[in-house]
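Read from first to last, the chains carry the letters A, B, C and D; within each, the first residue is number 1.
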Amino acid sequence: MLKVGIVGGTGYTGVELLRLLARHPGIELRGITSRKEAGMPVADMFPSLRGVVDLRFAVPEEAGLDRCDAVFFATPHGVAMDMGPQLVAAGVRIIDLAADFRLQDTATFEKWYKMPHSATSLLAESVYGLPEVNREAIRGARVIGLPGCYPTAVQLGFKPALEAGLIDAGHLIADCKSGVSGAGRKAEVATLFAEAADNFKAYGVSGHRHHPEIVQGLARIAGGAGIGLVFTPHLTPMIRGIHATLYARVTKEADFQALYEKAYAGEPFVDVMPAGSTPDTRSVRGANTCRIAVHRPQAGTLMVLSVIDNLTKGAAGQAVQVLNIMFGLPESTGLTGIGLVP
Amino acid sequence: MLKVGIVGGTGYTGVELLRLLARHPGIELRGITSRKEAGMPVADMFPSLRGVVDLRFAVPEEAGLDRCDAVFFATPHGVAMDMGPQLVAAGVRIIDLAADFRLQDTATFEKWYKMPHSATSLLAESVYGLPEVNREAIRGARVIGLPGCYPTAVQLGFKPALEAGLIDAGHLIADCKSGVSGAGRKAEVATLFAEAADNFKAYGVSGHRHHPEIVQGLARIAGGAGIGLVFTPHLTPMIRGIHATLYARVTKEADFQALYEKAYAGEPFVDVMPAGSTPDTRSVRGANTCRIAVHRPQAGTLMVLSVIDNLTKGAAGQAVQVLNIMFGLPESTGLTGIGLVP
Amino acid sequence: MLKVGIVGGTGYTGVELLRLLARHPGIELRGITSRKEAGMPVADMFPSLRGVVDLRFAVPEEAGLDRCDAVFFATPHGVAMDMGPQLVAAGVRIIDLAADFRLQDTATFEKWYKMPHSATSLLAESVYGLPEVNREAIRGARVIGLPGCYPTAVQLGFKPALEAGLIDAGHLIADCKSGVSGAGRKAEVATLFAEAADNFKAYGVSGHRHHPEIVQGLARIAGGAGIGLVFTPHLTPMIRGIHATLYARVTKEADFQALYEKAYAGEPFVDVMPAGSTPDTRSVRGANTCRIAVHRPQAGTLMVLSVIDNLTKGAAGQAVQVLNIMFGLPESTGLTGIGLVP
Amino acid sequence: MLKVGIVGGTGYTGVELLRLLARHPGIELRGITSRKEAGMPVADMFPSLRGVVDLRFAVPEEAGLDRCDAVFFATPHGVAMDMGPQLVAAGVRIIDLAADFRLQDTATFEKWYKMPHSATSLLAESVYGLPEVNREAIRGARVIGLPGCYPTAVQLGFKPALEAGLIDAGHLIADCKSGVSGAGRKAEVATLFAEAADNFKAYGVSGHRHHPEIVQGLARIAGGAGIGLVFTPHLTPMIRGIHATLYARVTKEADFQALYEKAYAGEPFVDVMPAGSTPDTRSVRGANTCRIAVHRPQAGTLMVLSVIDNLTKGAAGQAVQVLNIMFGLPESTGLTGIGLVP
């Protein structure tokens, strides 16, 4: 049994990690931290976990993190790079669900996250935790920077076409729609029910933190081609789910449906739907699946629809998938949950 | 034209007041205050008001409130009793949408609102602003304590039967369901979209501030009979609307349908539906109407269904109705909006 | 491996059964029927099941139902009593999620369901499938009438107090709120998104089919005491979930919290929360749990809050729980899913 | 007072028309038809209209339509072209909210609407009812084909840039998101609450009826340039609202913000927001406004965000605006309602 800890379990990625890890047959959850809620039973905060998780939140010093095999960071940005070096030195492998190890360029990190990077050597060895792109590197990694939710949906959607060099990397459009849980469990007016319900709007159009991350990832996939990306996030009145509607200019004709089916044939968590399909976000609600459909709306244009659950394949589920890979467990262990429909 | 001001216009009752007053033909909106947002155009905060309201938020000292005929307080509890005495002394009539002038018993006020009452003499002369109960007193009032949203729905629902002495005042049940806007526009985790959507729960069952207010109001209606009330508020995943499901023990048989129809026959904003009806909250969305249906689910039991929009008849609409009464305008002036369906 | 079939898998209880059975380690799903959709892959209708369920809908004659150990009916009322006798004769045990075997009194059945009962001898031997009341009888049953969703929440909520004879069985109130999936996957105007969203209303107040079922169940629990029940269902803008707010007159004082905790101490799927709690429906979203809180809002009154997921503990989950009991499997097999929060 | 009739008032555009016309000071509502509901008071179907509209649905023959000045068709496609010729011959001017008079090319109409066009001469004289494009022609028209909801949002969003010849008409993308009421008040599984809530999906990507209408309109605006348009509609879990996210390739640089502000400076119902804004659909909920923001997300790309309420500016409100223009009333008469926020 792997001994596992969670730093910062009071947010949405935290409770989703707990939901998944509590039923994961290969791990033992040893500790979970929250300075603010230290002492409180986890199940008091999340009654869905009553009878399932009997841990209490602990201050990090008392959570026994350094005796874990792996520690997840479901924290605000900046925590993993502070605590990570010491844990790694103690032989713990870490998986950061925040942004500390996503961007290899520290100047870019510092520009977007408004803080200096305090663990650059750890960053240098860290691996971007998108299994469909980076599986081999993940196996041996000590430090994982887990992709953001939008970046997961967008990269998986563009990957086969971009890798095959069939679309213009310089003119990509990602029109993305996210459920409100993507904003986290922070008290803010903009994500109140009475603000976000029965409403739809774009946001962050002048610049969103996931833009440089997507560009970095697509550049890696494209083998260095210069990426030009318009990324428009929208807030949608649903709890979970991301729907990426991707547009690209076709530079070389191909059977894109076949290309995508082949590219993801062996992937346990990417489902390419039959031609003509339109995936809905609820089909992956609570599941670790990315569901994709490929369209040609007019000559010269490729459109890809890519959906994930932002908290599962977009965060906690992907984290568990990465954990499984890192420790040689079957990749689907603990991740066989089916989308909750309706 | 009445000169009108608003203290504290950044919340939901504030923007609802602005929506109604902007189209009210008998008033002129002279100023609106917010210390925090002073200088910001109101329409920047609420783009729905672009082209309609061109005021900016001002600090109270510069809003010219003392030159108004009437001032609305759409503020947190405690502000109206601080600012009210000076305004009233200047000849301004005030309508408080918060709780400062709702409870005549200051000990009760202080127990529930955790603050001393600082304007007891103003409280003594204040009038409870429920037109269907208190219309005459409202006409001459200088200070109005506007009812809370739940109290409006519950009192209007019980009033005819209680007034007629046909039900047991000592054993009343008000099972109430509220939309999330009732919690106000405050940054809080419990009312985030991702917490409140697709979810239903009771809250405040060990005690809610509206309980003493409802009891006070029902006692007045019942002519002094001792009120025993179980009041259970529930949070419902909708923006606006209150649905009160009221249960009472019948002590004397009567034709309750006829009783209710007659009781409210002349009321412009109470609609008693035909026997067998079930009002839905959306039928009053944005309208100043309380819609009521009367049922006899079994011998000995009266059930009344009473719906309002918590922001309109439950707050800002009722405030305008009260203003109209105070200044001798036709009671429906500015309040002819029809429920937005769907 | 138990061989299992489903009659009528195109509705919400059907897809929920499929979600649960697909991950149930002790069963093998042999067939699923739909006359209308015969030939269509199940996963085409419900893409959440892609890669998980590879069956096609079949006409009943070709689904091999008579070679199954157990067959679920997730059908409209009337189908199970038509097909049941032949299957039972073939040695198949049946679990009806519709109403055919819920009401022992055929006159009552015929009054509420507007059809003659065509399998009265099967009805006579059938067992009401509420494990917390009827576990022993379920073990040996050949025919199960599974409780409705409201009846499950209401009976579990009243059971300990009623059984102990501490409340007045003649004056019970069940103010119930249901998510819209409770109405099924039928094309109807009243349950369209644009009708039911951002709206709240009572319905069926002049009589609901679940009323006689609840009364029958409570009478059994109460040991024959005459049941007087006001049952008010409300439609709530959420997908899944039932919240029952139950009121009873206390006839004999007791420590109700302790009573409830003790009554359900050994139950795997009933969770009595600590005093002062308010369960939310999302804490059981997709889980087979009934979560209960006990309150005393005023002297003489007991209030119980009882929540379930109408499709899980209120239908398909309970069906699987009953299957486990009937065939001697551990009762939680296949039912360990945790509520999806947020 | 204009005498006005409505054919087919039982859908969402019908009830929205009734909401607006009931408070329109210049019209008198003479009749409303529904064969299916003939005899039923309108307010029984839509209780929001209780006390406001006291008409009953009538069969068309008895509704006195031919004595009206104007008749609205809020009907399924095909009704207006059947009934229109006779009414026009009787001197009635008609405004069709369905598609009968939207497409000038009958072959295109017949391809998309699967019915022959039965009133081609009326079609020939009909005017496309988008005031911001066609105001003068509307004044004198006897027959109006009112734009669809998506076409309104998309055409208003592209118009200034296209008219000025600054973008590539051959490569336009309209990524559009609609509330569920856009699908109408028809009993269908796909738009049930339990299907559409907490879910997001594209639809109609292989071809949508509004595509040829938008192309026809944009071609007219572009002065004949060949239009290439990718149009992707998505279903969003909200009741009302369309959000069009529009992408175009800039062929000639300009100050697009200034261009748009100037283009719509005199328009009462188009609001160009300040640079950097992101309009939300709720800001136009129930209002006849189209709110637009202009962005330059990267060199060479223009992005326009355009929001409307699909039932107001996208249907009934625009119909009233057109009526006002046709009969020389001030264009905003009856259309001063402010967006309902929250």
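Points worth noting:
To be clear about the criterion, contacts are C-beta pairs under 8 Å (C-beta built on N, C-alpha and C of every residue); 3 or more make two chains touch, one makes a residue touch a chain.
Here the structure is a predicted model, which means the values were calculated and not measured.
Chains touching both chain A and chain C: B, D.
When chain centres are defined as mean Cα coordinates, A lies farthest from chain B. Counted by C-beta pairs in contact, the busier of B-C and C-D is B-C. Taking each chain's centre as the average of its CA atoms, chain B and chain C sit 39 Å apart. Here the CA centre of chain B is 36 Å from the CA centre of chain D. Computed centre separation for the pair chain C/chain D is 45 angstrom, with centres defined by C-alpha atoms.
Taken residue by residue, chain D touches two or more other chains at 12, 179, 181, 185, 194-195, 197-198, 237-240, 279-280, 282, 285, 342, whereas all remaining positions touch fewer.
Chain D meets chain A in the complex at residues 171, 173, 175, 177, 179, 194-195, 197-203, 205-206, 228-232, 234, 236-241, 243, 245, 247, 276, 278-282, 285, 295, 297-298, 300-301, 303, 305, 307, 342.
By the touch criterion given at the top, residues 12, 179-181, 183, 185-189, 191-198, 237-239 of chain B touch chain A in their complex.
Residues 12, 15, 19, 22-23, 46-52, 181, 185, 197-198, 239-240, 271, 273, 277, 279-280, 282-287, 291, 311, 336-342 of chain A are the ones that touch chain C when the two sit in their complex.
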